[in-house]
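Presented below are the structures under discussion, each in the form of structure tokens.
Two complexes follow with chain A in common, the first pairing it with chain B and the second with chain C.
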Partner chain A sequence: MTTPRPVTPPESTRSSWLSDAAVERLREAAGTPDLTATRYRLIRRVGRGGMGSVYLADDTHLDRPVALKVLDLDDPRGLLAERLLREARILARLEHPGIVPVHEAGRLADGRVFYAMKYVEGERLDHRVARDPDLPSRLRLFRRVCEAVAFAHDRGILHRDLKPQNVMVGTFGEVWVMDWGVAKVLRDVDRPPDRGGAGTAAWGATDTDHGTVLGTRGYMAPEQERGDLSAVGPRSDVYSLGAMLRFLLGDDPPRPLLAICAKAMAAEPAERYAGALDLAREVSRHLDGLRVEAYPEGVLDKARRLYERHKVAVWLIAAYLVVRGALLAFLGR
Partner chain B sequence: MVAARSEDPAERRRGLEILVAAYWKPVYKLIRARWNRSTEDARDLTQEFFARVIEKDFLAGFDPGKGRLRTFLRTCVDAMAKNDVRDAMRLKRGGGAQVLSLDFETAEGELALAGIPAPEDRADEFFEKEWVRSVFALALARLRAECEAKGKAANFRVFERYDVEDEEPRPTYAALASEFGIAATDVTNYLAWARREFRRVALDTLRDMTASEEEFRREARDLFGLDARAG
Partner chain C sequence: MRRVGVAMVLGAFLGAFDGLTAWFTPAVRDQLGTIVMLSSLKSVIAGLLIGIFAVFVPKRPAVVLFGFGVGLVLAWLVAMQPDPTTGEHYYVQIMVPGALVGVLVGWATARYGGGPSASAA
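Let's turn to the complex of A and B:
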């Protein structure tokens, strides 16, 4: 079958027809944020999230690159705009090396809500892991993630969507926890944190999206997946961190690390680590060759761990004993 | 879409007009390209298709929760073209009856300019591309009318010269300023204003064609290519 031949176009068609190039220009014109009357000059789009796009822009006042997160489309009730601004406000209260600082938030000339933040140069944690097989270095990155999350918990904020795709790693091993779009404010930042009880009971939720399932399957705690927001607390983020740790471990990891994951991902929140720092400490203990609390050691496990921890000393003593034995045997002849 | 399914006859007519305006060219071009039909067959099938949309409770079968209207319409066009109901329908209607006044000459001319893709090429991509072209053309026509009514014809002309017309190399702001007898800063302002208005009008057009907020958002992302252009 041959493709039917079109007739020659009339002149009127030529003048009104939109070429593919014109369609692309119009897409750019309509889709690109209008930065008129701002200090920013658009460079390119670098990513897309659930409700907005992220653009690399030049801050012409300070002559530095920034990332602009811009809402693609608002909804009739303005809920998405409010959510984006809320994310900016949450970031603004989380001043920590592991959390991207926000510079300003506002509305563009085209009505779209945006916020400007530090432009992070690096790669996603899952991409980093794919090319870095060294387990201790992965664990050290994970520890920094835990520290940033623990800081947020201390400031009364849950992330609720922790996963390797939401963590960026810089060239020098810096770690940033990204995408706080579904974060939950548990209590007013001015109220002192209840350090004695980091469990869910001590945290009063301040948002109202009860029953809404937010997060990513596979990384979400069971209570979060059920939409039971009254049960969602810091230990729900601990669950997600446990799932992230499991991802970082790859195939055939050491059993103590698997035990840490299992405890962090326990079905019952009360059986998990009380906080992200407790989880980080367990990982540190493993890195330092100390006993991991989540893993009941047998004699062989303990011997293996002690051997790993004191490997050099063990070999030096062994070498000494062998040489000494040989000398004694030689002299006693 | 809400309007096209409305119980109110006037609202329903308005909704159907928008629907037909946005989709008739993609439908015609799909029949020509994918189903390899002659111009006469494609005209009859296009007329028949929209006759069904208008006369029957055709859109009642569409559930926005399950998919896009665009996919629904394309599937229906494919089914109709495949079953080749043209002859039976044409006989029923008295042979090649014109239900709608559609400018097939123009559509055919546009096909000649774009080139007819091979039938085996991805039909969904082709249909979407033509749909975007059609919605943008509608939005441009609306914007032009609005600008003329508001005394902003010059803003539209600058926008048209810079973003719509295919002139290579692209005109500079200085050249446009000279052409329209305005300052270069005015060109920047005219363009920024017209682009904002074009976005608004395109979204308004889209809202008229969608049945739910969720569908509207999905379609807007497709229209502006937001899911495909990151990086």
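Let's turn to the complex of A and C:
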């Protein structure tokens, strides 16, 4: 398609030229996916990702809103299309409440690749955190992220781009780990052999080459940042989760939580938590007022933790003793 | 049934402790054994009632309130008996700690007794 060139027309004819806003609208219209012969009716564009745009659409068969991710970049070699379909296939095998389900994938009438997924209504974790100062509730959200990531690891998939911006939180506290576009398939755990279940070749066609850096700086594990693919594994996602946890903690967090972050973000993968569930368990231990393994606590720390855990009991016993003492002192028995 | 057990054991322990504080009152020190025994028995009965209540009403505030009421009523029944030597009643001295023991047993039963009540605050 040719784009109108922004040349300035002569003064006399300027009114007949297209305005910038009109040009922008034309561009939008040209980029709008052609949903002819699909069950979807386009509503509006809701976002833009690395490979394509995400549209809100209406599934006319089931009368429900869906999100359509449509490739909208030039892709002469078809690599991006393959990557988008690969993302859809990865999501399709991750049936978990914390991961957005895919309904369908394919090619539109205009030739562009797309996939349809559940339309998630909510807000990004970083936005949620900005207005929710309650640390325990943040930690509970984080635990759910860990559970979703642990599930993906169990299915042989690494996310490789975990960060608060890639987590959505629903109105009722539901959590979805999004954007699996740079996910890596470590092993094929549950595909039948006749569909290539014996190896990862079918999945790895567009996999990352050694030395390629994918992810987000600040959340990427050192081995990922170096592009050392052989060293990238579940513990790399654990590093990203540790960075995400550090983000969620804000200023002046409790020391045990900082120790958990430090362990999750250790430079050496072997020194990190073995998996996302181990990290989640440590966070749970802190939430339950138990000792976290990453933090060697002193006597005062232990006393403070026990007090926090049994605060009401301590105050009730104190109230009883004070009353008893007062009765003895003032009434003689 | 764990909640009933927890409530009764806790009741026995706190009742005994409450009774032992009578040692600080020289006038009744010679009756300490009886006081401790009766105080424990009172609190075991309170614990039994609180535990049964907690099984059917697994809500921490309700169990605490029930514990307060049971502790108060049982302590009132005890306080109604006059001192055998002076004939005096010690309502405040017996009922206030009794109610507090009931609150403690109720709260601890709901918090540590297991089951849904442990998280139903």
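Definition applied: the second predicted complex is superposed on the first by the 287 of 333 C-alpha atoms of A that agree within 3 Å, B and C clash if a C-alpha of one lies under 4 Å from a C-alpha of the other, contacts with A are read in each partner's own complex, and residues count from 1 in each chain.
FYI, contacts are C-beta pairs under 8 Å (C-beta built on N, C-alpha and C of every residue); 3 or more make two chains touch, one makes a residue touch a chain.
These figures come from a predicted structure and were not determined experimentally.
J.: Of the two partner chains, chain B (first) and chain C (second), which one does A:S53 touch, if any: first, second, both, or neither?
T.: First partner only.
J.: Who does A:V323 touch here: chain B (first), chain C (second), both, or neither?
T.: In the superposition, A:V323 touches chain C alone.
J.: Which partner reaches more residues of chain A, chain B or chain C?
T.: B
J.: Once the shared chain is lined up, is A:D75 touching chain B (first), chain C (second), both, or neither of them?
T.: First partner only.
J.: Once chain A of both complexes is superposed, is A:A313 in touch with chain B (first), chain C (second), both, or neither?
T.: second
J.: Answer with first, second, both or neither: which of chain B and chain C does A:D110 touch in the superposed model?
T.: In the superposition, A:D110 touches chain B alone.
J.: Applying the document's definition of touch, where does A:R226 land relative to chain B and chain C: first, second, both, or neither?
T.: neither
J.: Let me test your reading of the model: by the given contact rule, A:R64 touches which partner, first (chain B), second (chain C), both or neither?
T.: neither
J.: Tell me which partner A:L331 touches in the superposition: chain B (first), chain C (second), both or neither.
T.: second
J.: On the A-aligned overlay, A:R41 touches which partner chain: chain B = first, chain C = second, or both, or neither?
T.: In the superposed model, A:R41 contacts neither chain B nor chain C.
J.: Using the superposition on chain A as set up above, list the residues of chain A that contact both chain B and chain C.
T.: In chain A, no position sits in both the chain B and chain C interfaces.
J.: Please give the residue numbers of chain B that touch chain A in the complex, ascending.
T.: It is residues 32-33, 36-39, 105-106, 108-114, 116, 118-119, 129, 132-133, 136-137, 140, 159, 163-166, 188-189, 192, 195-196, 198-199, 202-203, 213, 217, 220-221, 223-227, 229-231 of chain B that touch chain A.
J.: Chain B touches which residues of chain A in the complex?
T.: 1-4, 6-10, 12-14, 16-27, 29-31, 34, 36, 45-48, 53, 72-73, 75-76, 109-111
J.: Flag every residue of chain C that touches chain A in the complex, lowest number first.
T.: 18, 21-22, 24-25, 27-28, 90, 92-93, 96-97, 100-101, 103-104, 107-108, 111
J.: Spell out the residues on chain A that touch chain C in their complex, using ranges where they run on.
T.: 312-313, 316-317, 319-320, 323-324, 327-328, 331-333
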